[in-house]
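In what follows, a structure is listed as structure tokens, so that the remarks can point back to it.
Chain naming follows the written order as A, B, C and D, and within any one chain the residues start at number 1.
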Amino acid sequence: MSGALAMRVRNMRLSGRIGLALVLFWLVLAVGGPALAPHPVGAFIDQEVFSGPGRTFWLGSDYLGRDVLSRVLWGSRYTVFLALGAALLAVLGGTSLALFSAIRGGWTDEILARAMDTLNSMPSKIFALVLVAAFGSSLTLLLLIAAFIYIPGNYRIARALAINLVAMDFVQVARARGEGAFHIARYEVLPNMIHPLLADTGLRFVFVVLLLSGLSFLGLGVQPPYADLGSLVRENISGLPMAAPAIIVPALAIASLTVGANLLIDALKPGGKA
Amino acid sequence: MTVELAPPPATGPSDASAAAVEVRGLSITVAQPDGTRRAIVENISFAVPRGEVLALIGESGSGKTTIALALMGFSRFGATIAADCLRVGDMDIAAMGQSALRGVRGSRIAYIAQSAAAAFNPSRTILSQVIEPLLVHGLAGREEARARAVALFRSLALPSPETIGDRYPHQVSGGQLQRLMAAMALITGPELVILDEPTTALDVTTQVEVLRAFKAAIAESGATAVYVSHDLAVVTQVSEHIVVLQNGRMVEQGDSARILTAPQSEYTRTLLAAARPAIRPTADAALDKVLTVDSIHAGYGRIVRGMPATPILADVGFTVRRGSTLGVIGESGSGKSTLARVIAGLLPAASGEVLLEGQPLPRAMAQRSREQLRRIQLVFQNADTALNPAQTVRDIIARPLAFYHGLKGAAAHARVDELLDLIRLPRALADRRSTELSGGQKQRVNLARALAAEPDVLLCDEVTSALDTVVGAAILDLIDELRRELGIATVFISHDISTVRAFCDEILVLYAGRAVERCPKAAFDGHSHHPYTRLLIDSVPDMDPTWLATRAAAAGPALAVSAIAPELCRFLPRCPVAIGGLCDSNPPPLHVDDGRAILCHRAGGPGDASR
Amino acid sequence: MTAAPPTRSAAARLLPMIAGRIASSLLTLFLVSVVIFVASSLLPGDAAQELLGQSATPAQIAALRHEMGLDQPGPVRFVHWLGALLHGDPGVSFVANMPVSDIIANRLPNSLLLAAITALISIVLALTIGIASAINRGGRIDSALNIATLSLVAIPEFLIATLAVLAFSVKLLWLPSISLVTPETGWAETLRALALPVLSLTCVVVAQMARMTRAAVADQLDRPYVEMARLKGVPFGRIVLFHVMPNAIGPVINAMALSLSYLMGGALVVETIFNYPGLASLMVNAVTSRDMPLLQSCAMIFCATYLALMLVADIVAILANPRLRA
Amino acid sequence: GPSPQRRPAAASSGAGAIRVASMAASTKDTLDPAKGAMATDYVRHYMLYSGLTSIDDDSLRPRPALAESFDSDDRITWHFRLRRGVRFHDGAPLTSADVVHSLRRHNDPAVASKIAAIAAQFAEVRADGRYGVTIRLTGANADLPTLLAQAQFLIVKAGQDHPDGTGTGAYRLAQFEPGVRTLVVRNREYWIPGRPHLEQVELIAIPDETSRVNALLSGDVHAIHAINPHSLPRIEASGTCEAVVTPSSLYTNLIMRQDHLPTSSPDFVQAVKHMLDRPLINRALFRNTAMLGNDQPVAPVMPYFNRELPQTVLDLDRARWHVRRGGLNGLRLPLYCSPAATGSVDMASILQEYGSQVGLEFAVNRVPADGYWSTHWMRHAMTFGNNNPRPTADLVFSLFFQSNAEWNESGWKNERFDRLLTEARGEADEVRRGELYGEMQRLVHDRCGIAIPVFISLCDGYDKRLKGIKPIPLGGFMGYRFAEFARWED
């Protein structure tokens, strides 16, 4: 098993390996980073604000004089787990519904598709605003809300894929064997759409990261003193004119995380090219 | 490959210097992941005299297409072409740059692809694509190009030559499309035409028309041609010379007549043998009827008042006894697969019944019990799509074992191995995904999956059509053996009448969804047949170079079946022996005698349908 | 098998589809209004409370509630609203005390203008990028464009917008930092005012569209007909334009429609940063002030835009594909 | 920095026409002074209308305006004499009828006046001839002239149920689009000769602070309201703009409900008050522009501020001692904050930090701004409030600290405080009033469950070519009245 994995990595293109390295880096940081944080995440310890990198504050301080390094370390945990969790949940939900829809067909399909269109047509940030205002923004709720918002998008893609697959002969074979809907969905259809789904997960992941930062733009999101990477960018936006590390670092973190994840996913595709 | 099979020296059938095409020492290599290069074809040498036709023949993957494309200086997947000599006319293809090659392609060397359906751009009109070579090479203006195209359409015997060009590729039949592609290739008056299996995808009846048209057109244009095929009988009709390929190497080359009559290599002999299947002995028909199909009407779309929106099958019925084989033949679109789907329950019939050992089966599979489903197994037409590309061979075969027989773990493992042995696949292949198998291997897995259910009835839908003759013959042997050993009743669907005739105990001929004839094998060689059956039999090419020339031209063009009244004979528009005032006014009667049934006004009477 | 004149059969095929779509769109719009209604009734507080604010007395709130009809049960209010809407009246804004239609009439053209200009620019850009990388797929240009578009997707839009303001307005003084457009502003001034919002929004949508274009074009480039065209000696540029694009346009236009639907409601951040009076910020206002009639109407507009874009995408796909057209 | 001459001089017609950005605008924007609720409204209303009295400098004392004089013997019945010859923008003369209409409106629930609570003390408002108005109050109130200077009490035309901008103010309305912009032009017949100085003012709102500052720096607007102290360095550094910091009595306060446990425990309250690192809050949140608060609502800039009161300072030992004495160690308590209450989110973080050092665990709950006041404020044991500058100490105390006040935020009950408040309201003697208010401040400081860490200063940004600006502690933009005083000098 691990041998096969090693083989895959060795056969990967350079960009895929870079992606893998970036993803692993951020995963490790998300798990272990907070333990490495040199300062408490909410402590206002620098007399200055937006100071540059220095001995006490490796990555400088933020708009309130907090340690940027510590905040980024914590922030990466929230971003990685929230965004990953929400993206996976969204794909899980959207794909399950899509499979159900495609395999059932008929009215079920029509109604589900309409319902998803309904949700899809609402601007995501505004929808999130309404949901967060209505249900609050605990971490779990945030995760669920972000997932909920991206279910329809995934549904759309997964349904298009599944409908093509359901018409394939091997699905007919399974039907003719008398297989139940679950088996068909799980073993016949799903494995054949895994790569486009992965690619979609990568994009949803980016979207959730952006949604979170967009929510922080509206004053919602992860509870203080913690903040996800997007919120870190947002709250330090006034440091942009002086190119403070407080804004550059989290922005780079987001970019490297999302680009890395997508490079890795691209490289996982069979043929690696398409 | 060893020395004994090394190609003969590159002496063409006639003087090589006069040859329009000369190839010497052609090798084509691809880079492998580990950096080394692998040869797909190696050391190929041949020459074609001006105005003659050379055939490249060999099994799938032997490098025929690769060589043909190399003649245009074109290679797929970044393969590299190397040759001592690669000459077409006065052009040294191997030495030409990309833009020079582009100037030659489509103007001096033209290509006719294997599948016209794939090679035509689906969203542009046919005419715009046919005249494109003229336009991009600046050989003619739009108006002149159009005129030339229409003239070509006419000479290729295409219907409504003035307007057919305004249609889109999906709006014409496969045979017509193939001829339209010939027009596209010939429109610039090329010196060399390369035809890559241009009739493989066609029905026998259509193939004859297309072959005839090609042959005439090539002769008329005076072009030199390279004809790629895996079918010896077809090649015999068109080519003067044959090059036999195996695994990217030349096995043999020479005059067509010589290769057919005195093949030198073992491989060529195998090819010849497989092309004419031996008639198998009839099964000792057990008495019990396993499968009975009674007066089925079926079609697609919503069923309104007992009639589907698109009716396909009308009043089809037959029985199959234990251990015997029913062959179903008919042209593409005649409803063969539809029939199989109705029996399997995938497509509920609008009316009529399917009985298994006398017990009526529910029409839709959703209502059938698991046991009923198990007892009828359908082997799908296309193994490529019938096998889940995400599963391994073992997953695929083990699933029916677990599903129907509750076999798991080691027992299932062992049984899968047994089945692999049965279909003669190495056990080592069990852990490969289906995408990593060859076409023949896939079809065997497809078969093994059906066998794993231990069915009473096996529905084989064109299981050998996509394979080359050698591999196909092996699969047929296998089915035949299973039928005899396990007593499985088989419904064998094919569009290839020679296979069906050799292989089946009884033959059902479908035309446009109707069973126009049912005939036991014993009676098949008799001369009274439905005119359509006759047409099918006559369309199978012989290994005789004169066959095409001597065969009478076909009756009128295929008409839309929907254009005639539903109760009349559906073959009427194409029937060469239709009786005016009878066939076009009365529904055809059914004649039944000594086990055969023919749906025709002529059958049985003094004016028998046979000629 | 017979080829009817394509235009007539196109119409014959399109008209029922459009009719069907409009019917199902009405259903979707109805669903949207229900969802919005339910979601907003989950929100704490109501319009009366928000309007009077922190310093209102309960008596005042009760009076205002009565005036607004908020003291009636939810379903009753919904039915009233729906009934009025069916008569073409989207109601009166609770907060602004103006007909909702007037408020929207003020904002909608702004949103449409911004979306239209952005759409135009980003479509051209996305096609260029997508085709360029599909042609060079696997090559260096492709990798560079791939990473560039991915990074562009990953940058929060407020960051892009703020950077643009800092560079072009504050530093260079080239373009206004806020987009004030009034009916009196001339078109040159309007274009200047819209330059930065358009730039920011383009960055947001173009990457996604370019990636989809690349996928669709790359898929077509692997088709046998492309090889056939090359074997006919057709120049590559011509192959891409005349052979590949007509086939790729269906999936491309679909992806584009999805992205473009973002330009209306998703412009929220850009509208905020550039102080652009568009619909998205109006809808957020409606949410925060619990202005139900306005909120409902905004949601319906966004939904209708989305559905219309999807419809257009499907129609284009059908028109581009003779198989569907016939 | 960019050269000043390249910067656009003004919105449209050359010098004297400026564009001004406030913080928020919405479709709620109104021309009705009684409904004014936000800075944008106040600025607009002060440009269009005038009041009976006005507050023109940082003494915060009322001066005559439309009323050329006012007096009262018992501080219950007040007489106002109106200035003659004042005309509305449509030419109609100002008379007592207009004033009576303007003041009475507030008691009509249909008007939904923002200050209905204050207007409730009007027992009677009647005309006293063409140029006299008499107001009888339900109880004595020495502050009435100060109260009448508020934006909501600006005078509108008699007979207008929905005022349309026709006032007696320094500018006439040219265009009004709620939520988008207000355009006014100079009123050449303004009743104060020589004013205003600007030809045209366009008032817009830019809700996003960064955008607002950028708009100022890029010259797209010439004055901006409410900037974050963190933006001050950027404005100073620009060379073309300057910031004006107005000390005010605005504050964000921590509310500890006295009807909840454990916030009702005096030990808890004392512990929290000693846990507040006021200098840190001032420094980190407000870049040292704020004034330290002392847990009572009268700011140093206000009349009657009690200078004797000892300043509570950060004393963790003392806090720990209170925690231990109250048996509160290890307590976990949710703390609600929201962007709706300026700075409360960061204050909550700071409190959380220090709480962990004294054995109190605060679970910070940041909730959305919309709906905060109706659903969270005062509804949980610990929430944050936010109080705008009020013109009088009486107003703050009676709105937020009186036992039966509707927004008695902490729910405290102190009879002595209530008595002092009533007494001070009717007291004419300034010295005695000062003593009474001083005493009340002490009571709140010692006993009330309200912690006020700092008084927040209001920061505005101006183009340097805009002159005549000075701080008035009632609010930013010179108590929202800058348009009357500002001059444009190239």
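The rule we apply is simple: a residue touches a chain if its C-beta (ideal position, glycine included) is under 8 Å from a C-beta of that chain, and two chains touch if they have at least 3 such contacts.
Which chain is which protein? Per UniProt: A = DNA-directed RNA polymerase subunit alpha; B = Peptide ABC transporter ATP-binding protein; C = Peptide ABC transporter permease.
The structure displayed is predicted, hence computed values, not measured ones.
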Check A-C against A-B and say which one is joined by more contacting C-beta pairs. A-C
Averaging over Cα atoms per chain, report the distance between chain A and chain C in Å. 23
Any idea how many Å lie between the Cα centroids of chain B and chain C? 49
Need the CA-centroid distance for the pair chain C / chain D, whole Å please. 40
What are the residue numbers in chain D that touch two or more other chains? 210, 369-371
Spell out, as numbers or ranges, the residues of chain A touching 2 or more other chains. 129, 133, 218, 237, 241
Sequence positions of chain C contacting 2 or more other chains: 43-44, 162, 166, 170, 272, 287
All chain pairs that touch each other: A-B, A-C, A-D, B-C, C-D
Chain B-facing residues of chain A, complex: 11, 168-170, 172-173, 175-179, 187-188, 191-192, 194
Where on chain C does chain B make contact in their complex? 1-3, 223-225, 227-235, 238, 242-243, 246-247, 320-323, 326
Chain A partner contacts - residues on chain C that touch it in the complex: 24, 27-28, 31-32, 35-36, 39-40, 42-44, 137-138, 143, 146-147, 150-151, 153-159, 162-163, 166, 170, 208, 215, 218-219, 258, 261-262, 264-266, 268-269, 272, 280, 283-284, 287, 299, 302-303, 305-307, 310
Complex contact set, residues of chain D against chain A: 209-210, 213, 228, 230-231, 234, 280, 283-285, 287, 337-339, 345-346, 348-350, 352-353, 364-371
Contact footprint of chain C on chain D as seen in their complex: 2, 6-7, 26-29, 37, 109-110, 112, 114-117, 177-181, 204-208, 210-211, 214-215, 217-221, 369-371, 373-375, 377, 406-407
